[in-house]
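Read through the structures below before going on.
In what comes next, subunit A is part of two complexes: it sits with subunit B in the first one and with subunit C in the second one.
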Partner chain A sequence: MILFIQQVVSGLSIGAVYSLLAVGYALVYSVYNFTNWAFDAFMVAGAFAGFYAIASFFIPPVPAIALALLAAVILSVGVERIAYRPLRLRNAPRLFMMISAMGANLCIINLANLFFGGQFRKFPEIASGTIFLGGVAVGKMDLFAAGFSAVALAILWFFLYRTRAGLGIRASAIDTLTASIMGINNDAVAFMVFAISGVLSGSAGVFYGIKYAVYPYLGIVTLKAMIASIIGGLGSLPGAVLGSLLLGVTETLVSGYISSVYRDLFSFSILVLILLFFPNGLLGSKDSEKL
Partner chain B sequence: MGYLNAILILGGINIIAGLGVAILTGYTGLFSIGHAGFMALGGYMTAVLCATLKVPFPVALLGGGIFAGLCSFIIGYPAFRTRLRGDYFAIATLGFSEAVRLILNNTYTVIGGAYGFTGLPQITNLPIVAVVVILAIWFAHNFVRSQYGKNCAAISEDEIAAEMMGINLLRTKLTALFISAVYAGVAGGLLGFYMAYLTPSFFTISRSSDLLAAVVFGGVHSLIGPILTSFLLVALPEILRFFAEWRLIIYGALFVVIMVFRPQGLLGYTEMNFQFLKVGWLKIKQWRRKGGGVV
Partner chain C sequence: MFFKYFKKGVWLVALLALSLSSLLSGCASSKTIKIGFIAQMTGPDSYIGQAAKLALEDRIAEINEKGGIKGYKIELITYDSRSEVPDAVAAAKRLMDQDHVSAIIGPEWSGAAIPIASIADTSKTPVIATTASNIKVTVDDNGNVHPFMFRVCFIDPYQGFAIADFAYKELGKRKAAFITDVSAAYSVGIQNYFEEHFTSLGGEVVAKEGYQANDQEFRAQISKVAESGADLLVVPTATYRDIALIAKQADALGLKIQYLGVDGWVADELLSMAGKELDGAYLSSGVTTESPEFKDYNAAFEKKHGMKATVYAYYALDALYAIEYAASAVLDQNPSADPGSEAFRVSLKNALETMKDVPAFTSKLTMEPDTHNPHNKPVVILQIKDGQWKIVKTYEP
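Then we have the complex of A and B:
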C-alpha cells in the first residue's frame, strides 16, 4: 500500500510539471486555435538558462530561476513576433501557423544542440533530500515544483478571471475579430499570452531539468503535455491540469507495476482511446465555450 | 560512380516517401510529423516477409506498404472522426511514430530490437528504385487528378464547404492517409533492402521533419515541387558536407521564412506538365502535313 501511495505521489509530482506545459498549450490554443509547436524550444531555453546560471555563474537558485523564466519569455515573445504575427495579420490558414511554429522549434532546438552539445547535464543540487510523510518519501524539489505549479496556476486563474487584461484575453479567445472591434489591442493580447506561456514553459523546463537532466532534446516531453491537454480537452485550462495529473499518475503506475519500457506506449494508447471515446476530452466543451 | 549511385538511390527513396507526404500534407492539408513511423512499419514488414518468410521481393514490398497503410487507420480513424481539425492528427502522428520506434526497439525476436534487423540481402538497386519512382509518380499524378484527389484538395481549401458539396470527410481523409502511408511503407522497404539492415534509429523525428520539409519547400498542391525538393534534400547534405550539421537549423529557419513570405512553397499550385511535349508533337505533325502537301 505504501508503495502504491509512493507511486501516486511521484506521479503527481511529474504531473505538476506536465500541467505547467499543458496549461500553456491550452492557453495559446484557446486564443489562436493552433497548437504552439515551438513550446518545446521555450522549455529548453528555460532549462539551459537555469542550468548555466546556477552551474557556471553560481547565481543563487531563486534569481537563477527568474533568469530562466526571463529567457523563455524573451524567446517566446520573439518567436511570436517573427514567426506568428505576420501570419496572424494576414489571416493565414492554421496549417501555415503550425509549420511556422514547427520551423522555429527545429531551428532553436538544433541551434542549442550545435552550440551547447547534446550531452546530458546534471543540475547542481539545489534542494536535495526528502521529507517523509507517514512512510511516503517526497523530494523537496518535487514539493517545491508542485507548490510552484499550484501557485502559478492560481495566479494565472486570478489574472484571467479577475483583471481587465484577463477579460481581454478571454474575449479574444471567443472571437479575436469582434474583440478587436471592441477596442482590445490584439498585439497586446498576443504579447501577454506568449509571455505567460513563456513563464509556464520556462519553469517547466527548469523543474524537468532538475528532476532528470538538461539536454537539447528534453523538450520531447512536451508531447506528453499535448497528450495531457487533449485528455483534458484542448483549450480548457482546468482540463489541462486534470489531464496532466491523470497522465502523470498513470505513467508512474504503469512503469512501477507493468513495464517502464512501455510507459510511453501507454500514454499514446491513452491518447487514442480518449480520441475514440471522448472526442472533446474529459472537460472540453464542444468548441464554442473556451478557457 | 558508386557514390553517385548511392545518392540517386537514396534520393529516389526519399522521393517516394516525399510523394506520400505531398498527398497528405500538400493536397489534403493534414499535417503529419510522424511519417518515419510508417516508413519503419513498411520497412520492417517487408524485411520480415522477404528475409524471414522468403516471399518474393516485389510482393513483400507491396505487402510492407499495405501493412503500413492499414496501420495508419489506428491513428487516422480516432483523429479524423472527432472533426477537430488538424492538431489532434498531427500530435497523434508524432506519438504514433514514437510508439512504433519504442516497440521496434524492444522487440528482440525476429526483428532484432535495438541491434537492428541485420542480414538482409541487398536487393534494391538503381533500376528497381527508378521503376518504383516512376510507378509512384504515375499513380500519384492520376490520384491527384481523379475525383478522390479533387476531394482532397477541396478539403484542404475549406473543410466545411467541401462537406456541404457532399464530400465524405472521414472517408476522403482516410483514403489520403492510407495512400500516403503505403508510399512511406514502400520507401521504408526499399531503404532496408538497400542498406542491408534496418534499425529503429533510421526512423527518428528528424526523418519525419525532412519529409515535411520537402513538401513545405516544394510547395502545396504540387507534385513536381516535393519531388524536386525531396531529391535535393538528400543530395545537398551529401554534396555540401558542412551543410549536414546546419541542416535542421536551416530547415527550421526556412520553414518560418517560407511561411511568412511565400506560404505556397517554391512550386505551390504548379503541376508537373507534359503539355509542351504534346504541343511540340502537334507542331511536328502539322509541319509534316504541310511538308507532305508541298511534296
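Then we have the complex of A and C:
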C-alpha cells in the first residue's frame, strides 16, 4: 500500500509541473486557436537564466527565480512580436503560426546549445531534503513546486475572472474580432497572454532544472504537457490541470506496476481513448465557452 | 518583372556553385590519407566527442609536422552524430561515399556501431569503433566477423562478468536489482551477462526495472527497487546523466543502497552532479584518467585546451594509432598507394586484422582476427570516493 501511495505522490508531483505548462498551452490556444510550440524554448530560457543567476552571479534564490521568470517573459513576448504578430495581423492561417512557433523553438534551442553547450548542469540546491509521512517520501522541492503551481494557477484564475484585463482576455478567447471591435486592444491581450505563458513556462523550467538538470533539451517534456492539456480539453484551464495530474499519476503507475517501456504507449493510448469518447477533452467545451 | 526573375536566377546560380564547390572539395588529393571521425559533438553527450576530437587533431598535427606517414599527410574529417543513430549512419555514408576516407574512427556507442558495421562491409572501408562494447558490433547474428568493423575497447560479456564477480566475491552482495535503459543494446547486454555470472555464483536478481533513453523520471522504478529488498543496484547506462538523476531521486526517496556501474558512467560531470549521492559507488572501466601513466598527457592537454582529457579521447587515440600502424604497413608494401582506392582500404583492413603488440596510446594492441576485438583488454574497477575516481582492482581476462 505504501508503495502505491508513494507512486501516486510521485505522479502528482510530476503532474504539478506538467500543469504549469499545460495551462500555458490552454491559455494561448483558447485565445489564438493555435498551439504554441515554442514553450520548450521559454522553459529552457527560465532554467538557464535561473541557473546562471544563482551559480555565476550568486544572486539569492528568490530574486534569481524572479529574474528567470523575467527572462522567459521577455523571450515569450519577443517571440510573439517577431514570429506570431506579423502573421496574426495578416490573417495567416493558424497552422502557419504553429509552424512559425516550431521554427522559433528550434532556433532558440539550437542557439542555447551553441552558446551554452549541451552538457548537464546541476542547479544549486534551493530546497533539498525529503519529508517522510508514514513511510511515504515527499521531496521538499516537489512540495514547493506543487505549492507554487497551485498559487500561480489561483492567481491566474483570479486575474482572468475578477479583473477587467482578464475579462478582455476572456472576451478575446470567445471571439477576437468582435472583442477588438468592442474596443479591446488585441495587442495588449497578446502581450498579457504571452507574458503569462512566459511566467508559467519559465517557472516550469526552473523547477525542472532544479529537479533534474539544466541543459538545452530539457524542454522535451513540453510534449507531455501538450498531451495533458489535450486530455483535459484544449483551451480549458481546469481541464489542463486535471489532465496533467492524471497523466503524471498514470505514468508513474504504469512505470511502477507494468513497465516503463509501456509508459508512453499508455499515455498516448489514453489520449486516443479520451478523444474517442470526449472529442473536446475531459473538460473541454465548444468554442463559445472556453477558458 | 525581369529583375525579379533575374534576382532568383542569381540566387540559384550561387546555390549551385556552392553545392558544386562542396562536391569538388570532396575529391581526394592522392598524397593525403583521409580519416573520418564520427563523434557526439553537440547536445548533452558532447562531452564524449569534444575532447576526443581535440586529442585526434593534436596527434595528427604532430604526425604531419614530422612529415606524415611515409610522406603521406593525414587529414581528419569530423562529423557530428548528434547522438542519434540515423545521423551517425548518415555521417558514415557521407565519409565513405563522398569524402572517400581511408578509415573511420567511431562511433562511440553500440546502437550506432551495429548498423554501421554492415555499411562498412559493403563499402569496404575499415571502421574502428571506440567505446562500442556490445558483442554484435564486430560479429553478426551468426557469429561471423564483419570484415571491416573493428573496435579498441573491451566487450560487454567481460565487463558484465567482471562486475558480477566483484559484486559477489568482493562486496559480498547476494540480491541485485537493475535499472536498465532497455532501448540500448549496450545496457541490456551487460544486464544479461551480469545476471548469467551472478546467478551462477549463487546470487539472485530480485528486480529488473527498465526505462528508455532520455527519460528523466525514475522514481517509480526506484520505489520498486526499494520494495524488492535488493542490497545492490546495478545501473548499466551509457550516459552519466541517467545515473546522476537516479542517484539524486533515490536519495530524495530515502533509498540508501550500494551502487554498481559500468564504463558508460565515466564522465567528470557525474562527480559534480551526483558525487555526493554516489559516494562509495563502484563501476567498471577500460581505462581511467586516474592512471599514473596518463598524468603528463592530461596536464599538457588541459593546459593547451582548457578542458580535461577524457577516456573517450584515449580510445579515439588508440584507434588512430592502429590506423597509423596499418597505413604505415600498407605503404611499406606499396609506397605509391592511392589512399582513396579500394585496394588501399582492403590492405589497411588486412593490416589492422593481423596487428600484434602494436604500441597504442593506452596499451599495446593485438587484434583478434576472428572477432576483431582487441585481445585481453583489462577491466578496471573504480570507486567514487570524496568526489574523485579511485582505482580499486583490475581484472585481466
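Here is the rule we use: the second predicted complex is superposed on the first by the 290 of 291 C-alpha atoms of A that agree within 3 Å, B and C clash if a C-alpha of one lies under 4 Å from a C-alpha of the other, contacts with A are read in each partner's own complex, and residues count from 1 in each chain.
The working rule: a residue touches a chain if its C-beta (ideal position, glycine included) is under 8 Å from a C-beta of that chain, and two chains touch if they have at least 3 such contacts.
Everything numeric in this text was worked out from a predicted model, so none of it was measured.
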Exercise. Identify the partner contact of A:260: answer first if only subunit B is touched, second if only subunit C is, both if each is, neither if none is.
Key: second
Practice problem: State whether A:8 touches subunit B only (first), subunit C only (second), both chains, or neither. | Solution: neither
Practice problem: Mind working out whether A:251 is in touch with subunit B, subunit C, both or neither, as first, second, both or neither? | Solution: second
Quiz item: subunit A residues in contact: does subunit B have more, or subunit C?
Solution: B
Exercise. Kindly classify A:69 by the partners it touches after superposition: subunit B alone (first), subunit C alone (second), both, or neither?
Key: neither
Practice problem: Considering only the touch criterion stated at the top, classify A:119 as touching first (subunit B), second (subunit C), both, or neither. | Solution: second
Practice problem: Pick one for A:87: touches subunit B only (first), subunit C only (second), both, or neither. | Solution: first
Quiz item: Does subunit B (first) or subunit C (second) touch A:132, or do both, or does neither?
Solution: second
Practice problem: Pick one for A:215: touches subunit B only (first), subunit C only (second), both, or neither. | Solution: second
Quiz item: Which subunit A residues lie in the overlap of the subunit B contact set and the subunit C contact set?
Solution: 220, 261, 264
Quiz item: Which subunit B residues qualify as touching subunit A in the complex?
Solution: 25, 29, 31, 33, 74-75, 77-79, 81-88, 90-92, 94-96, 98-99, 102-103, 106, 156, 205, 209, 212, 216, 245-246, 248-249, 251-256, 259-260, 263
Quiz item: Quick one: in the complex, what on subunit C touches subunit A?
Solution: 42-47, 182, 209-212, 214-217, 219-221, 223-224, 227, 240-241, 244-245, 252-254, 269, 272-274
Self-check item: Contact footprint of subunit C on subunit A as seen in their complex
Solution: 3, 6-7, 10, 14, 113, 117-120, 122, 130, 132, 137, 139, 212-213, 215-218, 220-221, 251-253, 255-256, 259-261, 264
Self-check item: Parts of subunit A lying in touch with subunit B, wherever the complex brings them together
Solution: 29, 33-35, 82-83, 86-87, 92-100, 102-111, 114, 220, 223, 226-227, 230, 234, 261-262, 264-265, 267-269, 271-272, 275-276, 279-280, 287
